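One chain, subunit A, links the two complexes that follow: it is found with subunit B in the first and with subunit C in the second.
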Partner chain A sequence: MKILIVLAALAAFVAVTSASGCDKLQRLKVKSQWSRAYSSGHDREDFSQAIWRAIFAQVPDARALFKRVGGDDTTSADFVAHSMRVLAGLDILIALLDQPEALQAELSHLQKQHDARHIPDNYFEAFRLALGHVLPAQLGRCWDKTAWSDCFDVVAKGIKGH
Partner chain B sequence: MLRLVVLLVLAAFCAAEEGRSHCCSAEDRNIVQKQWKVLWKDTESSKVKAGFARLIMLKLIEAKPEAKALFTNVDIDHPLGGTFTAHCLRIINALDMAINLLDNQDALDSALDHLAEQHHARAGVKKEYFKAFADIMSDALPRLLDDYNYMSWRSCFKGLYAKITSKLDA
Partner chain C sequence: MWRLLILSALAALTCAHPHEVDETRLGATAIRIGALENRLKKIKEKLTDAEKHDPVSMFDELVARVDHKEGNGCSARHFQCGGHDRECISDLFVCDGHTDCHNGHDESEDVCSTAPVKAGNVFTGTTTWTSCLVRDDHVTRIAITSTRRVKFFTARVRVTAQVSADYVVGADHHTETDSSPYHGYYNFGTRKLVLFPDDLRHIAVVCEFNKGDDERAECSSQLASKHPCAHTLIHLQ
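Then we have the complex of A and B:
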């Protein structure tokens, strides 16, 4: 009986993952590529600077959302702290890509935090494109665009709630 | 001449810096960051991290049973469940963020200030819980990390805890 339940859960998981186009192997790949790109210390600060500058270059209006956390100057202490928080959140999501139950819990948590802020879909798209440029710059050849694009969709959908 | 000016400025800077950070020196910060990084090397490290944080949190509510109620909405009754696992990762990632910002004092202050706000907003969180958390953590970390410099960690974490708890009433 227990095996049946496990199998059913597994089947459901596979169905969900393959429907979204971010399958188990892609999830593992994204996890390992992320841990290299995420790096640490000053490298991580530079990595996050690059991502946020790429976002604001595409959607300058988005800066207004970050006024309270020093968004006018991406190098300000408040904004560095904020951008590290965001990346820490993304780090949790990516780390949990292969633990569906906990991933769902974290996505709901982040969805609640973002709901009140009414973030337009194209800002998420700008985030995806920014990652799409900064990640390969950080990782060189060992970067799988499709896997990242597919798995980012899972994350963005979860935070947006649609 | 220029060299002398540079040296003097450097000396003045060090003297000014000394007052606030001699307890967690540049070398202390280096050591903490280097020793902490070991935890994050593996792709599967999220399971280790969540497991470690889970143990710390369970030990915390063992030591301070009245604190358990604070974690009801993250489902502490099912510590292996997804909700609590995600929460454990949030805690350990906040620590990770602080450690990685150790050598950017201003950004670190801003990040800790934000954490202080988040804990201030939770009625019932007390300084003594953080004291207990810190004690459990400093017991546990050397068991997890092969290289652990007690003095460096202690001197750097003292400041972190002080700032996170700075907005708590009790």
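Then we have the complex of A and C:
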């Protein structure tokens, strides 16, 4: 009986730790890698442009959601402005990864903004895959795939609300 | 060749009827034909030799070397569109299926050639260590084992490779080959192949195809800090 209880406790412990992902150290890693990839000035615009091209190449239908902000042409001034705004939002989220309460507040704010748009889950997945390829290209080296994947899940879940 | 056949046939005919044609003239013609054949052979040899010294590739190499010395006016990890415009674009946009240079050079066939990183390519060269490890010069082999290019982000080619080195060891100075798997990517914009070791104890290899062709590259073995440890000039086998 005792062994069973210990086993059950162990199983519960494993479930909790593996489900959480994106632990403290991973969050710090993502923060520092992001600050390098996010860069500045024109490089930042190019980085953002590459991400959006990779997203629309996967889910061309997603362009329809961005009609109001020049989504038909990712190089248009309107869309560049929009894409910089999106990355700025992501920048805030990543900067807050080590402050759970503030992160939660920002996520709820973004969830409210996204709720009305009814964004399918696969669009978030396309964003994750785009980051998964553009980030290592931008960083060149020193990029932790698992940390990014785990921490992007936290962000995406927070915005989707599920 | 045909002419020769006809002439020899004619010669055979005249031999059969020696009284009809002047024999000395025929003999002189035969000698002349022989001389011509010899000259033709020499020209053929010269043509084979000429192939070895292709002026176009020599010119390409010279241009590449001068460009390298001059610099192209672009910041790091940017691609020079070339031509009279002298336009720089991010290397994230080179060969991504979207024209970004005004002259379209970033999507041109020669820029986007995947020839340097075809699976099965084997490059070899002699490595000279200048730092990090104490090692005599040795032969290094880089064999591209597989490549992958995702459809939605084509500006990079994912590459896996086997990097091996021949070391002379032991009292009898026999050669041992040490081979380990590497993975990385090829960047069209910078013409660089970057390979990271699967086993982190090994050292990364960065090869730049800067000799004006797809067959030679200058490689540098580097620590994570990009500190250079060794250099190798590799050649496609």
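The definition used in the following text is that the second predicted complex is superposed on the first by the 143 of 162 C-alpha atoms of A that agree within 3 Å, B and C clash if a C-alpha of one lies under 4 Å from a C-alpha of the other, contacts with A are read in each partner's own complex, and residues count from 1 in each chain.
The definition used in the following text is that a residue touches a chain if its C-beta (ideal position, glycine included) is under 8 Å from a C-beta of that chain, and two chains touch if they have at least 3 such contacts.
This structure is a prediction, so every number in the text was calculated from the model and none was measured.
Colleague: So, A:Gln138: does it touch subunit B (first), subunit C (second), both, or neither?
Modeller: It touches subunit C, and subunit B stays clear.
Colleague: Have a look and say if subunit B or subunit C is in touch with more residues of subunit A.
Modeller: Here the partner covering more residues of subunit A is B.
Colleague: Contacts for A:Ser40 in the overlay, against subunit B (first) and subunit C (second): which applies, first, second, both or neither?
Modeller: So A:Ser40 only meets subunit B here.
Colleague: With the two structures laid over each other on chain A, which partner does A:Gln49 touch: subunit B (first), subunit C (second), both, or neither?
Modeller: second
Colleague: Based on the A-chain superposition described above, do subunit B and subunit C contact any of the same residues on subunit A, and if so which?
Modeller: Subunit A residues touching both partners: 42.
Colleague: Applying the document's contact rule, which stretches of subunit C touch subunit A when the two form their complex?
Modeller: 77, 89-90, 92-93, 96-98, 150-153, 155-156, 185, 187, 194, 196, 204, 224
Colleague: Can you tell me which positions in subunit A touch subunit C when the two form their complex?
Modeller: Listed in rising order, the residues are 42-43, 46-47, 49-50, 53-55, 57-58, 129-130, 133-134, 136-138, 140-142.
Colleague: For a test of understanding, state which residues of subunit A touch subunit B in their complex under the given definition.
Modeller: Those residues of subunit A that touch subunit B are 28, 31-32, 35, 40-42, 44-45, 70, 77-78, 80-82, 84-85, 88-89, 91-92, 95-96, 99-106, 109.
Colleague: Where on subunit B does subunit A make contact in their complex?
Modeller: These residues of subunit B touch subunit A: 33, 37, 40-41, 43, 45-47, 49-50, 81-83, 85-87, 89-90, 93-94, 96-97, 100-101, 103-104, 106-111, 114.
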